[in-house]
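Both of the next two complexes hold chain A, though its partner changes from chain B to chain C.
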Partner chain A sequence: MSRPSLQTVGEAAFARCDRVSAELLALTYGTFVRQLLLDYEKVADVNAQLDAVGCNIGVRLVEDFLAKSKIAACNSFAHTADVIAKVAFKMFLGVTANVTSWSADRNTFSLLFDDNPLAEFTELPEQCPDLWYSNVLCGVIRGALEMLNMKVGCTFVRCKLRGHDTNEIRVSLHELLAEQPPQADD
Partner chain B sequence: MGLQYLFVINKAGSLIFDRRLSENAPQLSPNDCLHLASTFHGMQLLVQQLSPEPSDHGFGIVTLETESYVLQAYRPETGVQFFVTADLKTENLAAFLRDVYVIYADYVMKNPFYELDMPIKVDRWEAHLKRLVDKYNNRVNV
Partner chain C sequence: MAVYCFYLFDRTGTCLCYYEWNRSRSLQDASDDQKNMFGMLFALRNFSVKLSPDPAKGVPTFFVTDVYALHYFETPTGLRFVLITSHDCGSVDVTRHLTDIYAEVYVEYAIKNPLYVKGSKIDYELFLSKLDSYVRSLPCF
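After this line comes the complex of A and B, so read on.
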């Protein structure tokens, strides 16, 4: 195939981007999550806030992704999944994810990744075992895809911090929004 | 040969940025700019209905050539749209717009105080845009 593999595209995009120290990112994110835990009483609310913050990041970051990854438009949801795993994860987190566990209707898939730069130094305290520490990632994916007219649900199902063997984010496509909302003619 | 105007419109078709890029460009009033942007957006929708499949060059109107100027448009998948008008025979307009998109992603979208879909009033974006335009003009006029 003459077209470069997504892996290559991801690595090239990663090489082009400015980078910050992973420690700065991990520590900043850690402080941020701690503050949310102080501000909200319920861990569920913290999870929701992280998701909402991520969504706000996603709707902005998607422009950065499109501008710098030089990726062509995706022609299927499966293609989108691969692009997220191989290009977007590499570009913004420096790791790649694997796409697995497709549902029968091809609308739901899992992103598996072993290394999570956000949680590099983290151990979950006993009083909040229900925290999805890196839930911001779910929000980012949801927000970014929303800008591309895909309404998705995105949840963490496994997290190494909780003792699971890997990190897993489940992404399911709810609906493809119309390209342009029909506008009243007057 | 040279750039004339740059316009950015959001996905609803409202003008969020316009800039006269050259002393030689015709003087347009703010109203003219609004008018032009919404006309272009309407045309773009029409063309996209007529031809819904993207071609190798992009989607909808990509280049428009008239007797006195050319117009080049770039529409990323998110729906924001950039278009530039320039003197006839100005080259590399597509590459110029892609560069504009990169600085838009950096200095507009990443500015936490920029409200999405609102008019762009960001100094850093304007400074980088100016630098980009100067660089482009130098390259063209060598």
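After this line comes the complex of A and C, so read on.
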């Protein structure tokens, strides 16, 4: 019995989704980041805001992801990484990522992707070289995995907008959260 | 065949939605009923997994008594969907319909509703009417 590969699952989920034009997404996101840069003085605050917004998106998006991709529960963190890279990225961004650079304890990995639909038409202005423009993605991954009882840390380490050769997000697993039993009545 | 009622719990045990169709015995105390339901499912599920030869599997999908059947579906995010029907629906795959309720009703009309605060009770008319019409269209209703 052959199980469909994650690529196939990702493409099927992508086909099932409603789509908006990539330009619309890129331009709307660009406007949003721009507004944040006006509202917050420090670039570090903007990065944090993008992460927080992403986290709120992630806790909801994970439900849509599970419902549409019809994927079964992952049995290992490595499997989770592949599902994010091959299915989730494909479904929501239309691109796939590569999982590389596993740490020795198998708790940290990197997601590499060349095409970033969010950053199309974008150039980083000179006055904010420290902006992680697509930091919202980190938040989304963190929020989504939190709903699946995985506490992770998620940061951008390379971004094409900063002149690096590819985009890289580093994801590291901090702990698996235990299921909480219902609270007893007082 | 009949459908009696529907429960939706989140991972903390909060009852996000309770809906009843023809539950003949009325409830004394709805919140008590929901708490007991969640407690029973929590214990049943965890013990059932403990009995299973494969530690990652063994989540119950339904149980049948001489008058009613309880159908159960949980998501990896800890949502628990419960539908109580008459006992003759026991052999019908109602759990599949619960996954549809998750994908087509909960995700579409609660999660994608920007006004809905996650973890709070869902009392939006659109959500409830979609749930109602979905369940009414089931062959086992």
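Just so we're on the same page, the second predicted complex is superposed on the first by the 179 of 186 C-alpha atoms of A that agree within 3 Å, B and C clash if a C-alpha of one lies under 4 Å from a C-alpha of the other, contacts with A are read in each partner's own complex, and residues count from 1 in each chain.
FYI, contacts are C-beta pairs under 8 Å (C-beta built on N, C-alpha and C of every residue); 3 or more make two chains touch, one makes a residue touch a chain.
In this text the structure is predicted, and so the values were computed from the model without any measurement.
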Problem - Fit-or-clash call for chain B and chain C when the two complexes are aligned on chain A - result: clash
Fill in the blank from the handout: Between chain B and chain C, the one with more contact residues on chain A is chain C
Problem - Partner chain in contact with A:Arg16 - chain B first, chain C second, else both or neither - result: neither
Exercise for the section: Examine A:Met147 and indicate which partner it touches, taking first as chain B and second as chain C; both and neither are also allowed. Expected result: both
Problem - Which of chain B and chain C A:Leu66 touches, first, second, both or neither - result: both
Problem - Intersection of the chain A residues that touch chain B with those that touch chain C - result: 59-60, 62-64, 66-68, 73, 147-148, 179-180, 183
Handout entry: Complex interface listing, chain C residues touching chain A
Key = 11-13, 35, 38-39, 42, 56, 75-79, 99, 102-103, 106-107, 111-112, 118
Handout entry: Contacting residues of chain A [partner chain B, same complex]
Key = 59-64, 66-68, 73, 147-148, 179-180, 183
Problem - chain B to chain A touching residues, read off their complex - result: 11, 45, 48, 54, 76-80, 98, 101-102, 104-106, 109-110, 116
Problem - Complex interface listing, chain A residues touching chain C - result: 59-60, 62-64, 66-68, 70, 73, 75, 147-149, 179-183, 185
